[in-house]
Amino acid sequence: NSSGTGGQTESGASSGDSKSSDKLVIGFSQVGAESEWRTANTKSMQDAIKAAGHELKFSDAQQKQENQIKAIRSFIAQKVDAIVFSPVVETGFETVLQEAKDAGIPVFLADRSVDIEDDSLWVTFLGSDFVEEGRKAANWLVEETKDEEGDVNIVELQGTVGSAPAIDRKEGFEEVIKDHPNLKIIKSQTGDFTRAKGKEVMEAFLKSDGDNIDVLYAHNDDMAIGAIQAIEEYGLKPGEDIKIIGVDAVKGAFEAMAAGKMNVTVECNPLFGPQMVDLIEAHLAGEEIEKRVAVEESMYTMDQAEELLPTREY
Amino acid sequence: MEGITKEFPGVKALSNVQLKLYPGEVQALMGENGAGKSTLIKVLTGVYTFDEGSVTLEGKSIRVTNPLEAQNLGISTVYQEVNLCTNLSVVENIFIGREITKRGRLDWKEMTRQAKELLKTRLNLSIDVTKLLSSYSVAIQQMIAIARSLKVSAKVLILDEPTSSLDQNEVNQLFNVIRKLKQEGLAIVFVSHFLDQIYEITDRLTVLRNGTWIGEYKTNEIERLELVSKMIGKDLNELNRTEKGTSRNSFDKKKLFLQGKNISKKGKIAPFDIDIHEGEIVGLAGLLGSGRTELARLMFGADKADTGEIKITGSKTNLSSPKQAISNGIAFCSENRKAEGIIADLTIRENMILAMQGIQGWFRYIPKKRQIEIADEYIKLLNINPPNPEQLIKNLSGGNQQKVLLARWLITNPKLLILDEPTRGIDVGAKAEIQKLMLSLSKEGMSILFVSSEIEEVLRTCRKIAVLRDHKKVSEIENDQQITQKDIMKAMAGG
Amino acid sequence: MKSKLFWPIVILLIILLINLFFDKNFFSIEVKNGYLTGSLIDILNRGAPLLLVSIGMTLVIATKGVDLGVGSVIAMAGAVGAMTVSGASGDSLVPLFTAIGLVIGISVLTGIWNGVLVSRIGVQPIVATLILMVAGRGIAQLITDGQIMTVYYDPYTFIGGGYLLMLPFSIFIVAAVMAVASLLTRKTAIGLFIESVGTNPEASRLSGINSKNILLMVYVFSGLCAGIAGLILSSNVASADGNNAGLWYELDAILAVVIGGTSLNGGRFHLMGTVIGALIIQSLTTTIYSIGIAPEINLVVKAIVVLIVCLLQSPEFRKKVFGGFTAKKIEKKSEGVSVS
Amino acid sequence: MTNKLQLDSKHLPLIATIGLFIVMFIFGSLRYTGFFSTQVFLNLFIDNAFLIVVAVGMTFVILSGGIDLSVGSIIALTSMVAASLTMNAQLSPVLVIPISLLVGTVLGFCMGCLIQYYNLQPFIVTLAGMFLARGLCYLISVESITIDHKFFSFMASTRIPVGGGNFISISVIIAMLVVIAAIFIAHYTKFGRNVYALGGSEQSALLMGLPVGKTKILIYTVSGFCSSLAGIIFTFYMLSGYGLHANGLELDTIAAVVIGGTLLTGGAGYVAGSVVGVLILGIIQTVIVFEGTLSSWWTKIAIGTLLLLFIVLQRVIVARSKTNQTTVSSR
């Protein structure tokens, strides 16, 4: 939060030349509004662009790639100064990005990258590394259970089947635990990133495996929160009987951690709007920019929760 | 066809029935409503498969499993209910299944030409054949169905009640066609409840009763009354026919029930006036498409009138929906049984009480026991077969469906009953019953607006006859002893 | 009627028995923390929202319509409910009843909206309700401001998570709605009117039935059912998620109705069949979760089960498959179309 | 069909729809800079080529009184099959394209057979087909597969100039060919007329001796084929195969067909109408993107509102002129 406004003034001061003080028209194509995280991300972008005095053309793709391509085409037709977009999927944007390039409009990727050989098609990718998030989660678990004698039984709540965060968070997590044979994923099922599904699936897990479950790894906090309710209703203590790992670090997760019901959440920071605006302005001012810019992220555990809770924005 | 047996769940529709057809002859299939005529035809054309029996065509044993096969074998059929696609144009309905193609594409020009010609020359009908079938009345649709069946080069032509909503002119036209086909060596099956027609056109008759075969006779060798008694299985004397004299019932012409002034609907019917007294039976006569149905619909609020006002027992009333009409004591039995009458998936009982329940509203539900009582009462009154109130109406024979619809309206005990071709497809015995019923109802004070293509029937029952021509009411005739069919016909045809 | 229910029940039993194979205690119901618990009760509890929506959907389908808006109504109802009680705390029941009142109000309103479009303006049901399906989710998010709204007010969570007489409260809600629906359709003329309007609207109109009001009513009822389902769902997870709550419920509900033996062509409807259909779907979902089927093949499994269910209900299929052994028996029952 | 006289009542929904589309285009042009250009109009075709193709297939299904929910999933499956054959199995497009086209065709055929022979409801059979096709995608791969192949890139990026610096894509040409073929099939072949008859009344069609079973199976096969063809176009468009592609597309397609004036009960409607329906959905989206200030939820509400506006106006126009018409329609 503090970095938000801070970054803003900084950039305004640094770019003194006429080009970037011009009002820019920035087209932003968002994936959708499927989660709190996404909404926070959208808001951050909107606020940052407005605060910098630029004009925003916003388009919501409703989770559909074809809509996103259409939106980018329309941005080109409207001759915007820059296009920012969070690709729904990694693949399939060559054609339209080529059109943008031909029209001389720079493209910035947010949150997720694209899988295209020709990296001249976009300026930079600013976003989180989902695989790394999975690794972080696993590393925490490895650390936490290093004294444990027997098997540690893990259940996994996956995100939407086929979505990039689900695939990557699973991959990163498995990559780490495969060196620790006592860590075992005994059940893995999709909870579609939602609370209701998370709860429902966890309920079924508990019915079939009940007291064997030691750890829950959820691909996002929402599913973890749903699962916590299921665990409580089942009569176990979340956070103690079953350790809970989430990803995203949304406010709800902090509340759960503060109440001692959740152990850890890996941050996936959506508030990179100001950072993005800086990058756009820098690029248009002719500065050289790295192809991959990481968003600053960390990990929060139960003991930090109480103190950080009031500062969380999303 | 030999030893045909067909069983529906709970009903043995045909048992050991035979039917022989000879080239160059017209064979009549006779029987009461529900005797099994239509079923026999459907078995022959592969709509139903039969349980036992055999069918031979030109010495070869055949087993038809669908109508397409039947057509390919040279059996062309007009089914009882008009079975055409109302969403297609008339040309398409005539040609679909045997379209004319030119260089791989359908040749609409040619088909339109041929269709026009066919209707004109064969049936003397000149209509716009590119219009949708739904824009034509049931009668016209029936003619088109006949035209379609003529289009095939067939060996066997089956006509299941083709004349039920045609008037005399059209029937004559059809008979001319049939005679011609007969000469060409076709074997023709003709079903009708009009004895006059049977005697006029057929050579032989096969009589069915209750799904059993009664006998085959040469038409000119059997007396009318004998035939009827064969059909209904009762002695002749029991069949007391309504005499013309009794119909001219005396009623006081003092109480006016409905008074319509200057009612019209653009493109449908020119402004007309109409008075209906309590206990009066008013007939509507006219040629095909003269606007009788349209007039009747306006009186019921099924269509909204553009102009005019209606007074019921003296006070001005707005009839803009059927519901309003019904609450004013008006009932309307449509000529289009299939589209506007039956609720196919419901039972006899439910179909019967529907209008009554409509009056009672959502919450004053007629208790089931009462429903069954009512249904049983009318099943008995109208002699509906099968007498099971829980049978689905779609499984009933055409005539029996008609009776159920009649019952639906009788149950509401209306003050004015509008009947559009109520005797369509009803057998001789039942027809007489219904006419008798109409008279006795009118004696009790019920007014009836009666539309029929049978002038004789109108003459027999009606006190007053309104004649329509070209969507216009042309005259109103008081029916007294001197009036004959000829007079009415003259008025209908004009000139 | 009886035979319509036979195959759905058999299928439900088969699915449950498959579970028994994996989990010996599947059918056992025990008392835990003072409540009855067990997989069967879970299925009922979890399935409550789907059951409700399907019951409403049955009546809509009986009029030859379909209501695609139910998922969005669920989301809106949850959002409204959660928002109303979001500030509340403590044990005062006033916010709870306000929430319930508002939800019922909103869902009736959505029903009127759909009903008016279909019955008065004459829009085809699938498109009319598609409008609400799209816009409703937007409205739900507008209410929650795109956030997942969490509720910290215990009475609210009772609706979807509480217990009464040792059983989940949601089961009682379903039972009540089902009872109302059955009474309305079988003890009043409404059922008859729905079936007649669904079979032949024109003939019904000419018989003096106000088919417009019947249509309006079924959409209102469907909206109401969806609204209550939304309340249960949102209360159960103590939060409201405008974007995801009730997603794809419309398809599951239609599926339940059809499995239950009601035809999409309108006419006869079978409420009890729908209930069994919904239970089949819920049991299937639960089974997939609990026997550990990989998420990638969830859909394939679901597709196969749906197909089997439909095939078993098809007389033509049964004749072909079982015809060999029980030809005689079936022939007698069948419509008389001979086998040979 | 050939008769000019028919240009009245039957074509009215279609004419109303086209009229509304033009109004919308004018509205957009007046309101947004850059909207009034040939390219924006052509983009509607470029971006919706696949939707046009599925809508064409769906039109036949709906005309016959059925429904096909599997189209979106078949697009995804086709893209997945094409991608994995090209990238994993390294097959040449000469093989890949026909095989991929077979995917939907075969699935459609099977669904048609189930519907016909076992008398199942199309809604359910195609719903199962929808689950199955999407499930099969995940069996091939849960991740998306990028296609990196000369042929596909060529198909994707070739621009066919149409004058004035405007261009269309190859997919648009394919889509237009499909539309022309479909219009021909619908009106000038026996199959086409049988579809209409079937939609009017299946029972009548049967009694009239039409090959109902064959027609039905063929209809679903055609729809499956169109979905697969759309899948190929979609693959050109996306240059990837992915299990989540075209999620929920079936409803868009049905909406497009119905907005285009086809009755869901079957028997009445036009292929050309569906194309206009697709364009209308497209222009709604374009307007919203050009507006560019709507949040995610307002976007949804706006789509709903515009859809409502369209449908109600269409209804009003049609109803208005119906009352001026002389004929009674029985529906």
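We just call them A, B, C and D in the order they show up, numbering each chain from 1.
Following the convention adopted for this analysis, a contact is a pair of C-beta atoms (placed from the backbone, for glycine too) under 8 Å apart; a residue touches a chain by one contact, two chains touch by 3 or more.
Fair warning: this is a prediction, and the values are worked out from it, not measured in the lab.
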Comparison of A-C and C-D (more C-beta pairs in contact): C-D
Far-end chain from subunit D, centres as C-alpha averages: B
Subunit C and subunit D, separation of their C-alpha mean positions in angstrom: 30
Inter-centroid spacing, subunit C versus subunit A (mean Cα positions, whole Å): 34
Chain centre separation (subunit A, subunit D; CA means) in Å: 34
Whole-Å gap separating subunit B and subunit C, where each centre is the average of the chain's CA atoms: 44
Two or more partner chains touched - positions in subunit A: 32-33, 39, 42, 161
Junction residues of subunit B - those touching two or more other chains: 339
Contacts with 2+ other chains: residues of subunit C: 141, 146, 202, 242, 295-296, 298
Set of all touching chain pairs, with the criterion as stated earlier: A-C, A-D, B-C, B-D, C-D
Residues on subunit A engaged by subunit C in the complex (per definition of touch): 32-36, 39, 42-43, 158, 161, 187-190, 192-196, 199-201, 203-205, 207-208, 222, 225-226, 229, 233, 235, 252, 255, 314
Residues of subunit A defined as touching subunit D within the complex: 27, 30, 32-33, 39, 42, 56-60, 62-67, 69-71, 73-75, 77-79, 89-92, 94-95, 98, 115-117, 160-163, 167
Complex contacts: residues of subunit C adjacent to subunit D: 64, 68, 117, 121-128, 130-142, 146, 202, 242, 251, 254-255, 258-259, 263-264, 295-304, 306-307, 310-311, 314-317
Touching residues (chain side subunit B, partner subunit D) in the complex: 47, 66-68, 70-71, 77, 79, 83-89, 92, 96-97, 99, 101, 105-106, 108-109, 112, 128, 130-132, 134-135, 148, 266-268, 303, 336, 339
Subunit B - residues contacting subunit C, complex: 6-9, 48-51, 300, 302, 321-323, 325-327, 332, 334, 339-346, 350, 354-355, 357-366, 408
